[in-house]
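The next part holds the structures, each set out as structure tokens.
First chain A sits with chain B, and in the next complex the same chain sits with chain C.
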Partner chain A sequence: MTLSTALKTGDLTALPSRRDEDWRWTDLRGLLRTLPPAAPAHDGKIPASPFAGLAETETLFVNGRRVADAEAASGVVALRFVALADKASQGASHSLVVKAGETLVLLESHEGRASGYVSDVLLDIAVGEGAFVERIVLVEDDAEAVNVVTAEVVLAPGARYAQTVLTGGARRQRIETRVNHPGAHAQVRLDGVYLLDGQRHADQTTVVTHAGVDGITSQLTKGMAADQARGVFQGRIVVAQGADQTDARMGHHALILSDKAEIDAKPELLIFADDVSCAHGNTIGALDENALFYAEQRGIPEVEAKAMLTEAFVGEVVDRIEHEGAREIAAAWVAHKLGGVR
Partner chain B sequence: MAAVKETVDTVAALEKYEHGFTTEIDQEFAPKGLSEDIVRFISAKKEEPEWMLGWRLEAYRRWLELDEPNWAKVDFPKIDYQDSYYYAAPKTKEGPKSLDEVDPELLAVYAKLGIPLKEQEVLAGVEGAPRYAVDAVFDSVSVVTTFKKELAAVGVIFCSMSEAIREHPELVRQYLGSVVPTSDNYFACLNSAVFSDGSFVYIPPGVRCPMELSTYFRINAKDSGQFERTLIIADKGAYCSYLEGCTAPMRDENQLHAAVVELVLLDDAEIKYSTVQNWYPGDPETGKGGIYNFVTKRADCRGDRSKVSWTQVETGSAITWKYPSCVLRGEGSSGEFYSIAVTNGHQQADTGTKMIHLGANTKSRIVAKGISAGKSTSTYRGLVSAHPKAKGARNFTQCDSLLIGKTCAAHTVPYIEARNGQSVFEHEATTTRLSDDQLFYCQQRGLSQEEAVALLVNGFVKDVLQQLPMEFAVEAQKLVAISLEGSVG
Partner chain C sequence: MLSINNLHARVEDKPILKGVTLDVPAGEVHAIMGPNGAGKSTLSYVLSGRGGYEVTEGSAALNGDDLLALEPNERAAKGLFLSFQYPLEIPGVPALTFIRTALNAQRRARGEDEIAAPAFLKLAKEKAAALKIDFDMLKRGLNVGFSGGEKKRMEIFQMSMLSPKFLILDETDSGLDIDALKIVSEGVNALRSPERGMLVITHYQRLLDYIKPDKVHVLAAGRIVASGGPELALQLEAEGYDRYVGVAA
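Let's look at the complex of A and B:
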């Protein structure tokens, strides 16, 4: 039941639909009546990455084909998935092995520079003992695109994994992260920001499985839906039997700025161990009218005031990005995105 | 001295599931199995009009086309629907006119039950007994309804469902199945086809029901399922508080309880529905036997400013699978759900609520407390949704889980769907275990470990207990303590 199987086999019934519990709010089978042809190879110029200047080396996929490969999985590495063919499909997969004790800053960008494409990306990330990975994912899809990004992360004891997903949505979009958490002093931070307008849809799904004692997970996702957009958050924390002393927190907070927008959330806790401390919080609502009124009273037009308040709202997530350069780019992306939301 | 007596009683009660006796009463059964003929048999037995039989048969035909759902986090062997009796009734020549005509064995059963309801005193007409009006449902049939005359004086209709079908067909036809349609789900559909009795309540406009209404359910017969149907209609400005209690004998095989409860609220009406469910939970060591409690409960707040409140204390059943829901249709209507689910031994519970906000300025509040011990699993599953027209909808949800022991599990699966820009939804959930510090503190002050656990757990569920009517709250508190017996140490 995945898009990648459907792309490989051409079998539309392999697409997940509303009837699949984990895809109830991200229906692909109902949307895709046909699969577009595979994207051709691209031999022209490739536009610059949104993280240009920050990365030491880069792995580049264009139209689903690997064009360049970074030498090592350490330091600051850009990982780019660029779509340049209209109404075409593309599938890509990539594995990263971060050796014990190494540090990797992964600047991942999904750059939709065509229209109406269908894209599927599979990532495998193995983080060695005591290693640290910070993954920043910036997704800029076309409004008519369908994009599914699935990352499988396996952590070794003592590893640290931090992730921030920033997305503006697509026609249908799913960014899924599954983390295999061994406990054993390993730490996970999984954050996300979605800013949606028009008829865009974005689904951020995470599954963190704590298999051993003494693990930490902290999640914070914030988002905004305007116009007729739809934001989806599905977070699942599983604490297996024996995974005691797990400390897991999950937060999802969203703003709805229009009466036609929709936010769906499912923050799940599945706990099989007793000596744990787990919590989740979820809030959905409109912008604070008092704050808006205050800003307007001081001469700030309503549109600007809304953008300003939303920026402050999601700023908390952006501030958690540890890599300074990436944090600045993320903040600028948020500001730019909100400037466009009217 | 009262406290000492209570302790003695509690300890005595711990020996075994105290409602686990069976009673040798002359029973009348329908043949085993389920077919159109059985549906006709039940309908004929109840001397139902033609339209009712048609309604049942349609439900049965739809049921045949439905698949049994399997999405809940509960695990049980496939139910053989042909291996059960769908109708069992205590034998009487005619319907009992007064208590004197009720089988004395049956009265003895109620005398034995005592807890959780004190209705045997009511049934026996003891002076100074609490003034509840009781409808007692024994296996498939309502055996006795008390205080009917007094209620009729203020216009309240409180009777068994079969009587309502005979005496008030216009109300039954108008409302039955209007909240939970026959094909709503697999078990509701089955219930619609074979339900044998239940309670019917109608509160006329502006009437505040003068006493607590209560139903007491008991499954007694072997291999039988219980399928009762409850319909409560609160007309404009009416109020009623309704209590429900359940027990069953100890048996090695599982028994199915698939009830449907429908509440209808018109403008400014209010219904408070409380349940203390203590069906036989199965053998705590082996997990053998026990009741499958698959119940559909839904309130439809049709009128503006109507208010419904579900309070449930779920300590029994091998498997509990139910979601008392509120459809908040009327402007400014509100729904509340307070729940305690205690699981021990091999019990499994997948329970929660649905708050469906359809009207403007609707409000809902959910407080769910789950306690798992032994090898049990407890899941909170809930839906909060706001329709685009539900401007100003407001929800607050709090679900807390408490784990006692290394082999139990507690899950929280909330669904939140917001479809307009003027609603506010808040949800918070925590999962923790009993604090060692608090246990130590209590024990240091001379409480035994078990008493300390009971004290802390009762503190944990206090928010919900406070919502129960007084007499129920006391029983519920004891039930929670009893259910957790032997879970620590």
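Let's look at the complex of A and C:
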């Protein structure tokens, strides 16, 4: 039941729907009555990457086709998925293998530069023993787009994997990350920021499966929904039998700025081991009225004060990005998105 | 300067202010004293434009500008500054960023140019040094983890940076020990000038030993029931509010 299968086969019944428990808040079958035609090859100019200047190599997909190549899965790599065809569908898949002891900074951008497209991306990331991957995913979709990005991450012992997803949503959007965690001193950080307005929707779903002893997972997602937007957070951490000394923390905190906005959150800890330290926290609320009035009383107009407080709220997640250049781009993206005057 | 005439206000259906009339000319410091529940904080919130208060009658103007017609940030740009009884903590927004954003928003509202970063930092360093504030504190989240005294000192710092025309100090003495009270009072006194007016709202006379008012008013049950010189505050300290609570009822 995936968008990927539906795009390959043209079979609409393969789309995930409200009746699939894991997709109940991100119904694709109800939304897509027909599948758009496959996107054509693009033979024009390709705009600059939002991470321009930071990456040493680049892997580029335009309309789902791979057009530029890079073998190295170490150093700083840009991975771009650019949609340039209106009302077309595109599917792309890509694998990355990071060898033992290597470091990869993956600057992944989903650049919707067309309208009403349907996009599906599948990624496989294997992180070798003692290797480190920091994946920063910046998703800028068109308001009428449907986009599903699924990453399957497999970690070797002692590997470290850190991820930050930043998204402004789409008509329907799902960014899913599944991590196979071996324990064995491997460490995972899975973070997210979503900033949604209009009728945008964003779903951040994660599944981390701890299979062995001594593993660490730390998750922090923060978001904001205004207007009639809808934010979805589904975080599942599975601690398998025998995966003792697992240390897993999950936090999801959201601001809801209008009566018509919606946040759906489902944090799940499924623990089958005895000796573990696991916790989750989930809060959804409005901006602090007192803080807002305080800022206004000092002369800051309401709209600007709201942007400032929201930016500070999600700033905690942005600050956890380790790559300095990417952190600055993420902070600037948040500020721009909120229209805050700096 | 500040001119309040027959001001009535309520919260939901409950009338709190029942005809407050008060004039504070430029250069003067007036104190408002009163028992708990008299409407002291309501008066400061109505003047500064906080939501949840409905003005049913009367007027309030600063230098001829109708305050009640303006948004809170517009009142600030006109020069009104309310120092909070309990200043808010704003995590993630450094004090310097907060103040610069406020200062530039006020300047834009007045049709002035924004202050450039170097000029702003120079000004901030001068003012911080004068108030003995560690400059590194200004790079941290506004008021986050600060003691009561530090928060009040940060309020004084904001006043000196924003240089308002009229100050309302709402129970500035609450939560301060005597040393902090002295420091904060010195900061306020340094801001006294022939062009600036102040309204000092307090429950206790103690603050007025340090910030000497030109006039003292007693607010009870939503009205000013007595006005006089500084000696009125001493009399209240000795006798309590009982007789005024009787008068208003």
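The rule is simple: the second predicted complex is superposed on the first by the 339 of 342 C-alpha atoms of A that agree within 3 Å, B and C clash if a C-alpha of one lies under 4 Å from a C-alpha of the other, contacts with A are read in each partner's own complex, and residues count from 1 in each chain.
In this section, a contact is a pair of C-beta atoms (placed from the backbone, for glycine too) under 8 Å apart; a residue touches a chain by one contact, two chains touch by 3 or more.
These numbers were taken from a predicted model, which means no experiment stands behind them.
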First (chain B), second (chain C), both or neither touched by A:E289: second
A:L309 touches, of chain B and chain C: first, second, both or neither? second
Touching partner for A:F132 - first (chain B), second (chain C), both, neither: neither
Which superposed partner A:Q297 touches (first chain B, second chain C, both, neither): second
First (chain B), second (chain C), both or neither touched by A:L257: first
Which superposed partner A:D274 touches (first chain B, second chain C, both, neither): first
Which of chain B and chain C A:K266 touches, first, second, both or neither: first
Superposition-derived comparison: chain B or chain C, residues of chain A touched: B
Chain B to chain A touching residues, read off their complex: 71, 388, 391, 401, 403-433
Interface residues, chain A side, partner chain C - complex: 288-291, 293-302, 304-305, 308-309, 311-313, 315-316, 341
List of chain C residues in touch with chain A within their complex: 48-51, 71-73, 75-77, 81-82, 84, 87-88, 90-93, 98-99, 101-106, 109, 141, 158, 162
Residues of chain A that touch chain B when the two form their complex: 21, 241-242, 254, 256-286
